[in-house]
Structure formats: C-alpha cells, structure tokens
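Before anything else, here's the structure in question.
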Amino acid sequence: MPVRAHCENPDRRTLADLIREYRPGYSLEQRFYKDPEIYKAEIKSIFLKHWMLAGHVSQIPEAGDFFLFEFDVESVIVVRTKEGAVKAHLNVCRHRGSRICLEKEGRSKLLTCPYHAWSYDLNGKLMTARQMGTDFKKADNGLHPVHVELVGGLIFVSLAEKPLSLAGMKEDLADVFETFGFDNMKLAAQKSFPIAANWKLAAENYQECYHCAPSHQEYAKVHAMALSKEAFAAHREKYLAALAGKVRTQESPYYFDQAKAGEEGYQYARNPLLSGMESGSLGGKGIAPLLGTIAEFDGGASEFMVGPVSFFLIYNDHMVGYRFTPTSHETCCCDVFWFVRGDADEGIDYDLETLTWLWDITTQSDEEIIVNNQQGVNSHFYTSGRLSEMESFEQHFLNWYLSSMKDSISNTSKGQ
Amino acid sequence: MPVRAHCENPDRRTLADLIREYRPGYSLEQRFYKDPEIYKAEIKSIFLKHWMLAGHVSQIPEAGDFFLFEFDVESVIVVRTKEGAVKAHLNVCRHRGSRICLEKEGRSKLLTCPYHAWSYDLNGKLMTARQMGTDFKKADNGLHPVHVELVGGLIFVSLAEKPLSLAGMKEDLADVFETFGFDNMKLAAQKSFPIAANWKLAAENYQECYHCAPSHQEYAKVHAMALSKEAFAAHREKYLAALAGKVRTQESPYYFDQAKAGEEGYQYARNPLLSGMESGSLGGKGIAPLLGTIAEFDGGASEFMVGPVSFFLIYNDHMVGYRFTPTSHETCCCDVFWFVRGDADEGIDYDLETLTWLWDITTQSDEEIIVNNQQGVNSHFYTSGRLSEMESFEQHFLNWYLSSMKDSISNTSKGQ
Amino acid sequence: MPVRAHCENPDRRTLADLIREYRPGYSLEQRFYKDPEIYKAEIKSIFLKHWMLAGHVSQIPEAGDFFLFEFDVESVIVVRTKEGAVKAHLNVCRHRGSRICLEKEGRSKLLTCPYHAWSYDLNGKLMTARQMGTDFKKADNGLHPVHVELVGGLIFVSLAEKPLSLAGMKEDLADVFETFGFDNMKLAAQKSFPIAANWKLAAENYQECYHCAPSHQEYAKVHAMALSKEAFAAHREKYLAALAGKVRTQESPYYFDQAKAGEEGYQYARNPLLSGMESGSLGGKGIAPLLGTIAEFDGGASEFMVGPVSFFLIYNDHMVGYRFTPTSHETCCCDVFWFVRGDADEGIDYDLETLTWLWDITTQSDEEIIVNNQQGVNSHFYTSGRLSEMESFEQHFLNWYLSSMKDSISNTSKGQ
C-alpha cells in the first residue's frame, strides 16, 4: 500500500532532517523541488559558489563588446577590455543599485549607469560620479568583480569570493582541448528554453539516458547511449578499442561527488554513436567542418562537463553546450549553445537549421517532460521512487547535491 | 463606529484562536479567505478526506477510456478497466513522479509514463519497468489508488485512506435515484469557470439564495427560492401538499454539521418552481425528455448534495451538477455538469445551447460576484458581517467547516 | 573590495536591527525594497495613517457622483452627497464584504451592493437590508468612513482613525492657494503608470533631480533644477530676488522629518525655470490660461507637497500632481494629474496633448529607470550606496521613513 505520511501531519522536518533521511538509490523528496527556503540555500551554496558557463570569446571580439549572463536575481556583465582581456562585473551600480547594461549584448566604451550617469571603465573602475562631495572615494566604488576563467574560448564565471580551482582540469584535459580545437571555435547559435520546473529536475533530466529511448527517438537513432546499460557497455568497449590513437579515450571521472578536494568537478569521457553514424544530426551524417585536429569522422562523441550545471557534447564536427540555471524556486532556464570551427562560414560550411535540429527538437521534448515531472512531484502523494541502473550518473549528482547542502548548513549557525 | 483592531497590531492569532472567536450568525474572518497556512490545513482536512464528484460513467463507456479530475496540486485518473469497473489512480508515476496521462481525456490500453516508459495496467498495477535491477519489486510500485463509489452513474472519488461511508445515503435515497433514472442518464455538457477567489466564497455563494433576486433575474423568473423566506415557505408548503404520490417530498437533511457519525454528509429536498414553470430554462418550459419514471412536469425541482463541494439540482427533464474545488489559496474552479436521459439525442430531443443557458448565464454572474466579494474581504477594514435569515444553509456549512478545521488541529501535535 | 556579507549567512536581522544599522548618507538596504513583512508594517504605519491625494472636486460636481481611490488591497469611494459635501467610505459591504462600487467612477443615488442589495445612502448610512431579523441594527452597519479634507479643490483622504492635522498647513499656505486659484481649478487629465518596483524606489525617484540631466533631457531643457547644486543655487537666488512682490517666495520646509508635531508634513518652495522658459512644455512656452491671480509668466514654478506620497508642481498656467501608492510589496502605481483653470475650455484654451506632453514622457522614462533600479537592488551583491549632494531631499524622506517604521515597532508588542 502507498505511504501517505505526508498527508498526516504538517512537515516540520528541517533541511538537515531531509538530508539525513535520504535513501540512496531513490529520487529526492518533494520539498527539495518546492521549498523556497531550500532554494535560497541552493543559491548560496551552489550558484554563488561554483563555476558556470557564461558564454564564448567569439561573442565579444572587440574592446567594449559585452553580453549579460543572468540567473536567479543576478545579472553579470561579461566584457572585453581595451587590453583584450575578458572581465566580468556585477550589473549593479554602486550608487543606488540600478542595472547598468540593459541590453543582452552590445558594445560600449564605458559602462555608464542610465540612472545617474555614474560611469565605469571596462575593468569596472569608477571613472565619473558628479556631486559626490570631497570625502567620497571612487576607488572604493568600483563594480563588484566576478571571477573569470577561459577554457579554450569558453568563458566560465564564478561569483564566489574564493572560487574552486580549475587548474587541475585544464592540465588534465589539455590534449582534449587541442584535439577538438577549443581555442579555434566560434559560437554559431544559442537558444534559451524557459522551463516551469525546479532547476534540479532539468539538470537530472540531462544526466540520465534512461528516458532517451522512450522520449527522444531522434536522439536514439544516432546515439548508442539510448541502448540498455548492457548493450551500451558492449558497444562502447568495441568502439574504444578500435579508436586507439585517434581521440583521447581515457576517462576523467572527477564529477560531482568524485571531484578532487578544492577543485571544481569535471568529467571527460568518449562514447560511441550507433554504427554508421558520424554526428548529431537528422540521419547521422556530418554537418560541419571537422573540429581541431580531427582527420575523419570516427563514430563517437565526447562528454565534457565543468562544475554542476555546464555540460558539453563534442561531436567530430561541432560541439553542443548545455547550461541549467534557476530563475526562481519553481522555474529555470536551459540554455543550449552550438559551436563550430572558428573559420567555418554559415551558409557555406554549415547550415544553421541543420546544425541545431537535433538538440533543438530534443530540448523541446525535454522541456515538456520536465514540466510534467514537476507537476507530479507537487502531488501530496508523490514519494521518492527507485532509480534505475541507467540513472547512476544522476545518483552522483544527488550525492553531491545533498553533500553540498549539508555543508551549507554547517557553515551557518543554526541550519536553514 | 467601525472596529479597526486589525490595523493596530500584527495578527498573531492561531487557527485555534480564530475558530474559538467565531461569532455564530456572522461571516468568517478575513484570514480564512487569505491565509496560505489555513489553506494547507483545508486541503488535508477537507479535500484529501471527503467525497467529491469526479464525473459520470457516460464519459468512459469503453475499456481504457479515462478522464482526469484535478484540483489543487492533484490529478486523478478515472478509468474504465477491461473488467468494466471504474477505477481511479493518482496521476503520479512511482518512478520519479511524472504525470502519466497528459490529456484531459482519452483511451489507452495501458497507462504508460511518457518520461521513462514505466507502464501500468488499467487497475494501476506496474507491468513493465526496464533496468530496475533484481531486487526491485513491481508489486510495491503500483499507482496510488483512489477510492471510487458510483451513485447511479455519478462517479465520486475520495483521496482519503479510509473514506467516510456512503452506504446510508445510497439506501436512503434509492427511491430518488430510481425516480429520476440516475442509472440511465448521460453527461450532455460540462463547463469550467475559473474564479479568482478562495473556494469557500464560491461554495458559500451556491449555498444561499439571498443574492438570487438582486443578482440572478433569469433564475428568479423560474425558481421560488429567490422569494423572501416567508413567501418561499408558503409557496413550498402548498406545492409539496399537491405533489403527494408523485416525487419524493420527504427531506434528508444530513448535510454538513448534520451528517451522521462516520458517514459523508448529504441532502435531499424537494422545492417548488414559480407557478407555471416546468424547468430551468428561458421562459421556464421543459427542454429535454422527462427523466426516469417522471410522467409529467410537476412544477418542482429537487436539491441533492453529497459531501461538501458537490451539489445537484434535479429538474423533471434534466439535472445540473455543481462542483467547487480549490486551485490555490486564492483561486478556485466551479465546474458545471448538465445531465439528460441516457437515450436523448442532442439536436433532436434537446438543444445544447437551450439546455445550458440558465446555469451558464447564472454562473457567469456568480463568477463576477464572487471575485468582488474576495476583493472586499481582502481590505484591512473588512469585518465579519451578520448573516440574513436566507443564509441558514450557509451557516450549516460554516459550522461544519469550523468543526472540520478544529478536528484538523487536534489531529496534529501542535495545531497549524 | 566589495562586501559580500549577505551571501555568507541567512539574514536573521529584525526590522529594528535594519533601522539601527542604517548609515546616514546612504541608500537603504535591500530588504526594505523586497521584504513582504516590512511592506505590511509600511501599510499600517504609512498608508493607513497619512493623508493622500484622492482626486479633485471637479471629478464629482453633482450629487451622487463618485470615483474610486485604490491602493494595496483598499478601495475608497469618494462621493458627492445630496447636501453637496464630499465624503469617503470604504468600498466594502458590511454584510459579507463585497465591493459595492465596481466602476472606477459613476453616478448613483444610493450605494447598493451588487451581491445582496444592501443599500447605503451617500453618507454611508445603511438604508435597506432584507430579511435581517428583528435584532439587527442598521445604525451599526454603515460603511466604514474615511476622513476627507479639501485643500482648495484637491480632495485628500486619510484612513487613520485619528488623522494628523492639516490646519497649520492650510493657514500657512492660504496665500499660495489664493495666488494660484486652487478653488477654481479643474482636473484636465489623469494617467496611471503601473511600475514593477517597490513604491519607495518610485517615491525616491521623484525626490531627487540628480538623475534629471542624464535621464530627462526634455525636463532639463526647461527646469533649472537639473543643473548642478551650485549652478541651481545661483540661478535660484537671482530668480527669487527678481520675483519680489509677485508670487510667494517664502519657503515652508515642513516636509518628512521636518514636519511639526501632530501635523502632516508639507512643503512649499518657489524655484526658477531656465532663462526664457515660461512653463513645463515642449519649448518651454505657456500652454494654458494663467492660474488664479497670476498676471504674467514669471519664469518659475512652485513645489508643493502634502503628506508622504502627494506632490505638486505649480507652473504659472497649470499644475501637475503626482501620487505614489503601493499595489504590492514589489509593485506600485504612479498617478499623474494635470490641472488647469476651471474656466479653461479644452481644445480652445489648451490642447490636451500639449498640456500633458512633458510629464507623460518624463514619467515613462522614470518608469523604466525605477524598474531597472529594483532589478539591481534585488541582487545578492547590492549594497547601500552613497547619496550625492543632489539627493538631500531624498535623505529627509529616508530619515522620516525609518523614524516612522521605528514608531511602528514600538507601537506593537514585539516588533514585526
């Protein structure tokens, strides 16, 4: 018989109780997906701490070029300085707090607040502020800086005061970045999918392919990962053996709860497509110039992730990036990025609609799936359910998540 | 002078305080119509406990036919099984909680979750779930069952673990169900009216006819109940005397606080229309074939209710059903159902627009009235007002409501 | 380096803590602009206490004419009685709380509730209520009265039980009201601007002209106040000297924290336009007949305010009124009123579009500015910023606001 404990009494359990009561091998309890207080703790412990993909250097080639990266209540200005560096600042004027940049992207010599015209240079230094009296110190009123790291041309930001290290990841994966020509890619397209669900349901959806066969027939025609656990393992073993010497096959499984101490989590893995498939496209044929030093289609794709919400799928001829960010405790945004060789010309070397087809259609399906998941989870009768053998990566995410939330409690005086 | 106590201090009174301070003969205090915590207690004590009208067997004639009944955060699948029974299940997958049925109605051999393809039979038994490991027990992972009772062809559901009994009601009113041919009706139309007000303001509106004369001129031209208390009583006495031997006149007043112990509340009563009127229509003439064993129009209509939010008005030639369900603490839905003889053909025996006219127009008016009521109740200056002599049925509702909420407190350790 | 204290720990500070920690010379902390509990305290301590502009007598010339003044959850009926007086009542029926007047303005002999037809006369006295039993007292069930004061033809209301006095203001400024012919104005236009920001950000925006030069070029072409503090002071000194004997130049600086004990705050001040400018218009020329006893354009305009949220700018030929009211803790409404001489004919003596142009365009700009301000203030990284020398009036508002909130705490047993 179903357990109806939730209906019996008001739930007075603390976040610490909920974490303690988690049953490994099961999905999270309802409150993790609904409770505004837990959401507040997540913002602090996860989104104001970890590295997230902001965008790509090809979006801001010239000095003064900027774009905004936004999540929850935050807006970050990512900008190319006169010196050619990539910098990031909070989009919050130090006078009375107004947004400074109102457009999603643009070019500007100075960052000037539209309210009272306080003006900052591209490094965030306050340059002009009228009528502020003699004891006002401009040097104390620069824009709040945000940490930036470039991974190839990918721009990662961390809003933490002291961010986790990315150095180990960069050293470990230097050969991967070279093989796929990370320093010579460009962003070909980006699309935002707002989703009426808690961000974790979206992130979990990305982390398991148990749903791929029933939900994503387009994906399942190309990727071996939609197969059963056993069939995929057999397929992969054969593929990796044949690949020797071409693309790195050695896995780096330092993701989520397997991250090294003091370092941001990351993963690299090489996986097969189905026999005869070359790339993530309708029909599975290649759709863009080969990346980096890749000489020919080899029937595989690499998984790459950095931090908790930024994921990449590297085909031989293009790369797809995924980022999941919360917009409230019950809504989130999934941003999809498509990357190609930096010297590829749209309309000549690749067709934009062809390039984006598979992951556009797949994300549209996921958007619907995730909303339906949230609606069911909202029920008084939802209970944590058993995870399948194809949801082991998701289990690592859940372990890491609960551990992060536990740290968040012990870092405050009395828990949430 | 008006009492302005509300403005003086923050209101720290508990639900128990509010219940204790209720003055009989008056409307409820503001917080009952606004407070999200009180709403949570109501869901538990009322909507997850009592019987509610879900729909009618004529909506699901064939095996695999289903429709959804939804309120608050809940969705219930009501389905016809292969064995011909009517069953109901929570629309929540036992894996990770997704909604299973996404359409409001349909037909399906299996109830298959669109996310990971867990598949249940029409009785809610888990049939297939891939890659779940050897220790997974399908038998423990069936859909959460919901209790179903048929009253004639009306489908009632209760989400309680141990529902209240309907047996006494069924025995008592067997003659009524026969007279009006409950087992041989069909649902001719259904319409949902979303209302931007707390559900109790909508339910209360249905429970008094003090507003009928000023607000519902179309109704008042047909129904004697819109008259003053004294005029209606006189009219009724005369009508019931003349009716002897035709339709049951004996009242069953077991509604709300007058329900028998352990049983769901219900009511049956026979009331007159105005002289010369036959049915609830424009002009008051009959508009559909006579129901059950009714031989001729007799100038009356019966009130029938089961549980707290399901009401019926049985004319000689058709029946109108009303159901009030919350969608949040400040919004609700009023669903109106029109029933006719099962063998009546639309377009030949009755015209749909003619059939639905009176209660469509009346409910549209009520929707506006109820929203205006909520807006005034929201004021800091709203104070409980004195009920009229024509609001005695509403008083029973309020008594029952407060008593139910009181029980809810004593069933939990510390109240809300 | 930026202070990131907010991210470290949940904010458990009380309202009293926040008030105590305020740094003079700086903007308020984030929670004053976001916290629903602080908003509740503001409603009680500010909006249910102080005088606010409701409208103008020219809106209700005949007996039974009424209009609604609405803010937060409140609706006030302002009505002309048979005796010719202006009265105000809460728009809340004493029966079950329904709104009585549903239209924003109209004419009616009685105020009749559309729900159950309880009917009140224009003085708010309950006249008819059917079926209420013998012990019901109509005299105890009149509409909740709202205090009204006329200032010239301006209608002010206070929802307080014992309002602050306006007598001193009326005596002090009698000559001003005469000069500008307050008793002989009419409302020519009114426009509402809903703003997705806390009401204080809108009020603060009106209270400083530090933003005028960068944000309002149309205003800055006419008004000297957009100049720097020093330039404006020089301009003003010269202007006031030249004005002797024409319009009152003596300031009444009893605003906000400078109000006299027991009296509502108010201000009067005379300020210059830029050289050659006559009125607030495109090009700065006069656009309507001169007000009151004004004989010729004199190149200035008067500031006049009553209470915390009602402001007036009196040109020689027309007057603009501003009112800021909250609609929730995160939204507000700015209402702009344009007044002209009572005998001026639209289309002949003035053109409506010409009349309203400057402050319509300026308020549209402000609406955008204020929303951007709120968005930045919402950031975890927003910190109180230093006010400029041109924000001294805003500083008085902040001082008064914090003092009002402090009083609100000491008037309740345990603070918020």
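A, B and C label the chains in the order they appear, each numbered from 1.
In this text, a contact is a pair of C-beta atoms (placed from the backbone, for glycine too) under 8 Å apart; a residue touches a chain by one contact, two chains touch by 3 or more.
Note that the structure is a prediction, hence the values are computed from the model and not measured.
*Asks:* Moving only from a chain to one it touches, give the least number of moves from subunit B to subunit C.
*Replies:* When the steps are counted carefully, the minimum from subunit B to subunit C is 1.
*Asks:* If I superpose the C-alpha trace of subunit A onto subunit C, what rotation angle comes out, expressed in steps of 5 degrees from 0 to 180?
*Replies:* 120
*Asks:* So, what's the distance in Å between the C-alpha centres of subunit B and subunit A?
*Replies:* Using C-alpha averages as centres, the distance is 47 Å.
*Asks:* Specify, in ascending order, the residues of subunit C that touch 2 or more different other chains.
*Replies:* Where subunit C is concerned, no single residue meets two or more other chains.
*Asks:* Could you please specify the touching residues of subunit A with respect to subunit C in the complex?
*Replies:* Per the touch definition, subunit A meets subunit C at residues 40, 43-44, 48, 73-75, 90-100, 102, 114-117, 129-133, 136, 141, 144-145, 159, 161, 412-413, 416.
*Asks:* Name, in rising order, each residue of subunit B that touches subunit C in their complex.
*Replies:* Touching subunit C: residues 2, 4, 7, 9-10, 27, 204, 210-211, 213-215, 228-229, 369, 372-373, 375-383, 385-390 of subunit B.
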